[in-house]
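The structures come next, written out as structure tokens.
In the two complexes that follow, subunit A is the common piece, with subunit B as its partner first and subunit C second.
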Partner chain A sequence: MTTTTLARGLRLDGVTVLKLSVLALVGVLIAAPLLRIVLDTLAPDAIIAWSEVTTGRLSRNLLWLPLINTLILGVVVACGCVLIGGFLAWLVVMTDVPWRRTIGLMATLPFMIPSFATALAWGSLFRNSRVGGQSGFLEGLGLAIPDWLSWGMVPTLIVLIAHYYSLAFTVIAAALATVNSDLVEAAEIAGAKRSRILFGIVLPVALPAVVAGASLTFAGAVSNFAAPALLGLPVRMQTMATRLFGLIEVGQTARGYVIAILLIVISALFLWAGNAVVSGRRSYATITGKGGRAKRFQLGAARGPLFVVAALICLLTTVVPVVILIASSLAPSSSALLSNWTLHYWIGASDPSIAQGQPGIFSNPFILSGTSMTLALGATVAITTTVAGLLVAFVLARYGRGPLAGAINQLSFLPLLVPGIAFGAAYIALFGAPIGPFPALYGTFPLLVLAGTAYLMPFAVQTGRAVIQQVSGDLDESARMTGASFPRRLAAITVPLASRGLAAGALIVFVKIMRDLSLVVLLFTPTTPLLSVLAYRYASEGFGQFANAITVVILVISIVATLLANRLQTKSQPWLKS
Partner chain B sequence: MIRLENLGKSFGKFDAVREVSLEVPKGAFLVLVGPSGCGKSTMLRMLAGLETPTSGRIVFGKDTVSDGEKGWTIDPARRNVGLVFQSYALWPHMTVAGNVDWPLKVAGLGKPERRQRTDEVLRLLAIDGLAGRYPNEISGGQQQRVAIARMIAPRPGILLFDEPLSNLDAKLRVEMRTELLRVHRATGATSVYVTHDQVEAMTMASHVAVLNGGRVEQFDPPAGLVADPHTAFVATFVGTPPANLVPVSALPPMLAQDLPADASAMYRPEDLSVSTGAGATSLAFDFAEASPVAGRVMITGTREDRRLTAVVDGAPAFAVGDTAHFVLPPKPAAIFAANGERLS
Partner chain C sequence: MTIRRYFVAALLAGIALPAFAQQDAALDAMTAEELLPRARQEGTVTVYAFTSRIARVETAFEEAYPGIDMIAYDMSSTEQITRIKAEASAGIANVDVVYISDAPVVYTELLGPGLVLPYVPPRVVPLLDDSEKFPLLAQRLSTKVLMYNEEAHPNGSPVTNLWQLTTPDWTGRVIMVDPLQRGDYLDLMTEFVLQADAMAAAHEAQFGEPVTLDEGIANAGEQFIVDLFANDLILVSSTDDVNAAIGVVGQDNPPIGFTSYSDRRDNEDEGWALQVANTVEPSNGIIFPAVLAVAANAPHPAAARLAIDFLMGDDSDTGGPGFAPFYVAGDYATRSDVVSHPDAVPLDEFIAWPIDPAATAQIRQEVGDLVLSLQ
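Take a look at the complex of A and B:
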């Protein structure tokens, strides 16, 4: 009796200790920076920042105009993404449009291309001479590009929609794939016309996905830094993300933190509202049973034209930007993209007559060290995040009850609600100064690793959960029934089953870090050069070719890693099955 | 009345349904039964108007509703049919009452009329208490009832069922069989019911069409199928338990002497007896299982890839591994040629 009680007591203690340490981990990584940024703005000498930002003389420029711009971006981008993503999802999943698989694959790609790449490509094409520097290809052809198409709100909207629509596509396509064609046929038998079936059956069933797609793309657009910074800042169009960046750059940290907190609130509010609409009684968990077959909607005469529209959208958002980036990294003048190609911007030595003596990116030691730093950061974060995510997922799967586990769960998914640039600001707030015996981490590699690990924690926990679900339970138990020991089970069952999923997840984390700009743009220092920030710096200083060349390097690394990840984890895209 | 004339459907080179001709009167309960892939669901979808036949005609009453030669078919909504899908196809964003109401709304009925009809069919299926629930909030059996209620609400003349009971557990399935027959009688409609379960066919049908490889092997009332199977396939597919088919080459010489060498002999389970010792007309099998059935015992033996089933009043106690000797009657109940055709 005593031994069991003792054993149980001990085991319980062990679990509690494990839970507490995991909670401490996510607490330090995620909760502490966010708490710290709030506390910093409440300090006696900083609290005035709140009134300065919200009601003061400068509040119009500090908060309200950027807020209006941010909301316009969010709303228009969400609408545009849902329209385009929804249209493509409908075509791919429910109709007999030709080349459905290819369109479906292409439509998921834009999200793989960093938004600063698309923004740079836009600039290479549409820049006009308003802000000086090189003009774009179209003006080089003799077309007059109006300011509104070169700079500011319109190009930012277009670039963000071109980037985020694939997110809406993925969500809506997955939902439409669950709309059993029986549902449509049942309505046909009832005598409903096509339009009535669309509005009475298909759209309502897909509504939760549409709402989810809208709130995700809204949150993405309001927190995006690259596009408004590259296309809006030159004409003084500020969003909350660019304002936050500017304030921290000039040292007005308290005001910057206030903006960061407000940005987090806005983004989180919309994600939460979207979630609230979708969940609840009418969550439409689809009723699945046996049967149900895919019968595709016959497009008839519209088949050709609709295909052309879809193909154009896909090409313009994937192939065209990449081609422009490559071309403009080779052309001395972006107004003549296709002539006088040179490898100077890639490998040339410093030449005072070209680009103020900037050497080509592969001859520039600073960029080379940036490349190795970026790769090292990607690899390190991929490993730390995967390990941390697996640990959290394990604790949640095995001991998922009680308030401690609840707190771990909530905290580990919190970064989903926090825009990257605000998260970066929070990390500066916490680690910018020494904490007790620990030195200030600002400007060090470990700070980047910590921030990256925390920021990608939700993703890694999801990967870990999937892997654990796949491995634990029946499979492990049936191996136990054979009498296999724990190490043997680990080697023969768990590792082989889990390794592919974990490796694929780690590779995707690597890619996410590689192409991230918003999280690291505030954490960047000359001692920790990162490719994406270097590209941004070059672009904002007018060295477009170098920026584009670096972006091509990022793209190539990302694409290779993504392909590898896809190979490892043959991606399930149920909507592509016929 | 439903009449199929030389009905056929091919998908590219694959013939799913071939030259099917049959006719059932108004009020009949026609069951299309066969193994998976036999073309029964395709036939049902052609009856519903969801597929156009590639040959032959479908006639409801006096009206041709599908014509494969001319390649046209009347719209599903205009052929006075209702269909229960295997997946139920309940619209997940509408309540139970909403699911039943929507087709009536599409048909243009007035509100009071709709409400009255909805209440009526929900009561008929004993789900009036669930009117305000969503499909994901009710059980599988209840979803099944909603699907049936939705189908009969517009009073179609022909009810179509696509394996409607396949998602239910065994006990519920038996209950729903009775329920379906009740609904069938209450509506007075003609029903066509697709299943791979011959028990459902035998218990519910007024007419059964046994399908295999896209063709109708036999079209008869249930009793006719068991009493007088036309092909070897039908003989071994229907009946509980189904009849035994033994190749003549495997029979005891005494029984085989007057029979064609490459044919198969059919023996009904109730015509066999079982003993522990060998006899001149017995076949030795390895005892496989025995189960009590309604006061009698059903014994199954296996040897190589053959099975033999006997239903007897009493049997010696066998253990697995024992040899059971199945005593055959002097004459088989039927003889089938190697191609499955009936010889006598």
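Take a look at the complex of A and C:
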């Protein structure tokens, strides 16, 4: 008895140590940078930035107009994404629409296409002559494109919806797949109308997912940098993300940090509100036991037209942008996308008469080093994030009680609320100067790795949790009863069984880093070139073809990795099963 | 004098040791021939440059000095200043040579705290005016001036007074780079304010009446900026966008805008018809130095000086291969022995306002805030 208590006490101590070290990890990675920017804005010479940004003569342009634009983007994109994503999810999961599997697969792809790729593709098609230079394909065909369709809010909204709807689709489809078909059939037998089934059974089950989809897409839209930067600036449309970038770029860091903090608060507020709605409704989520094969709605005469609509949405958001990007990386003029194709922008040597003598991307050593830097970053962050996420998830799953675990839990999901660009700003603030004996990390690879790891922590913890839940329990218990030690159980049971899930998660992290712009756009230095930032810089300097060519490279790598991940985790997409 | 300057700079920066300063002073006195073996030993030289033309300098430099690898980064002046400050506070020594415009900010924020050091190759000292040697070496004079499309306007500039840009004729048809993104455009805005009296006189010349100031607006220069923005001024993020908008041939009604006179050199290659408006009341814009400096903790100090020496050109009439990318109409060499480009308006007939970096630095932030409030 005494021995057990002693052992128990020791084990608890060990657990406390483990918890404390994990807390320290997430504290340094996540809490410290954010605290640092708050403290920076409270310094005596910086605190005036708060009043300048919120109430002064400049506040209208520094904060309020960008804030309004940001909120419009967030709300409209969230609504659009839920409508489109929900519609596709309903078609794929609940109806007998043809080619369901293909639609289901294609609807998950747009999120893997970087939003700046879609924005560039939009420009190649719809760009008008407002800012001069090359006009887009449609204007090249002789159509007059009005400003509102070329620049500003409308194209930004369209591009963001086309990018984020697949996030809403994934969440909602997963929820719809859990609707108990027994309930639906029971209701049908009892003579309920379709509308009543929809509102009485399907929607309540899907509601948490709809709210989750809306808040995730909202958070994505308000923090997106690429689309408003590429499409909004020529008509002076600023969002908080572009304003933050501009302020940091010209060295007005205090004002920039204030904007960053406010952006985090707004993002957090909406996600919290969404979360509150979902938890209030949690009782509905208990109707999840799935009784046999779902009976599908018969679409009847609407089957054809609805299929066409779905197919169009999928084609316009996946194939079309990719084709445009490829064509415009080959065409000397985006107003004649299909003429005079040349490989100059890919492999050509420097020619003073083309694009100020910029060599093709594969002949440019800077871009080649950017490619290897980006790949290395993706691979490193995939590993560090997966390991860190697994560690946090393990602690939360096994020792998830108590204030320490609560703090770990809250902190590790905090980055979900922090827009990438604000996170980048915080990382520069904290790690830009030496801390005690540690050297400054500005312009180094480790800084990018740290920021990437912290930024994707919530995602990795989620993956880790799912994986641990999959293999925990009986197997682990039996092994422990036969006397297997913890490392042995981990090596012999958890890791082998979880390897597919972990690998898939790591691949997704890899893709997220590859295509990310908002996190790294402020961390970029000439010594750490990254493809997405290089593409953005080419695009903003008017060298569209080079930007598009680099984007195609990112796309190809991303899509290959995504398809690989999908293969590894088909199980997590139950709606794809027939 | 020079050595004392270094000591002051080192003291201010608190990073460089006197020993380094002495070594710097020794390097400063060397000729290119003396620098070369040391530069070879260093092997590379990293340049931050505010112009894409640095790529051609890189090629020429590596041809002239095989074995020394020039790594050139094309970054806007604003970005360079932010990076150099961030690198300094991070204790990173990355860059050797800084080639930059934005003199008002460079003097106060880089030279003042000792993040960059002055260097004038001994052989060009007699060829430069004092103002071109102090506080930093000026390699050439560059411009941000009003340019128009000469194909659409074969009889000369369609604008003869800056205030015409605020009239309905030019609504949505004046284009320039966002002054909050590029420092030289902010300098241009600042110059309008500094030249408020000239702007007021030009207003009377144009409209026959004195300028009426909006509430909170202090002078005619500020009022001009307000009116220009109110007239749907188009802001873009790079000068190439401005050039293409104004310059592309075959336009019926091209916009007009502020850009670099020297971009006229690309007319043939890019299919532009850019031409400078040199008959404008009270002026067409600004002319300002492009300066060269050595980074305070340059990892390759000898190669840095050799690169600056190279960028100053040789003794031929046109400055030779090091200066070739800059020997174009619209750029004005500071060296008195380089003859001015035959296609350009001679410097003494060019009406742009030369900027006063010190005066500009004083009110620059204020003007920046004004521009911000207008966006």
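Heads up, the rule we're going with is that the second predicted complex is superposed on the first by the 515 of 578 C-alpha atoms of A that agree within 3 Å, B and C clash if a C-alpha of one lies under 4 Å from a C-alpha of the other, contacts with A are read in each partner's own complex, and residues count from 1 in each chain.
Just so it is clear, a contact is a pair of C-beta atoms (placed from the backbone, for glycine too) under 8 Å apart; a residue touches a chain by one contact, two chains touch by 3 or more.
Computed from a predicted model, the values in this text were never measured in an experiment.
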item	value
Partner chain in contact with A:G542 - subunit B first, subunit C second, else both or neither	second
Which of subunit B and subunit C A:Q238 touches, first, second, both or neither	second
Partner chain in contact with A:T525 - subunit B first, subunit C second, else both or neither	second
In the superposition, subunit B vs subunit C on subunit A residues touched	C
Touching partner for A:L441 - first (subunit B), second (subunit C), both, neither	second
Touched partner set for A:R401, first subunit B, second subunit C, both or neither	neither
Shared contact residues on subunit A - subunit B and subunit C	none
Subunit A - residues contacting subunit B, complex	180, 182-183, 185-192, 196, 200-201, 204-205, 207, 281-292, 295
Residues of subunit C that touch subunit A when the two form their complex	48, 52-53, 55-56, 73, 75, 78-79, 81-83, 85-87, 89-92, 94, 109, 175, 178, 180-181, 216, 234-238, 240-242, 244-246, 248, 255, 266, 269, 369, 372-375
For the subunit B and subunit A complex, residues of the former touching the latter	48-50, 75-78, 81-83, 85-93, 102-103, 106-107, 134-137, 140, 143, 150, 154, 162-163, 166-167
Subunit C partner contacts - residues on subunit A that touch it in the complex	57-58, 60-62, 129-134, 233-234, 236, 238, 246, 248-251, 350, 352-354, 356-358, 428, 432-434, 439-443, 525-527, 540-542
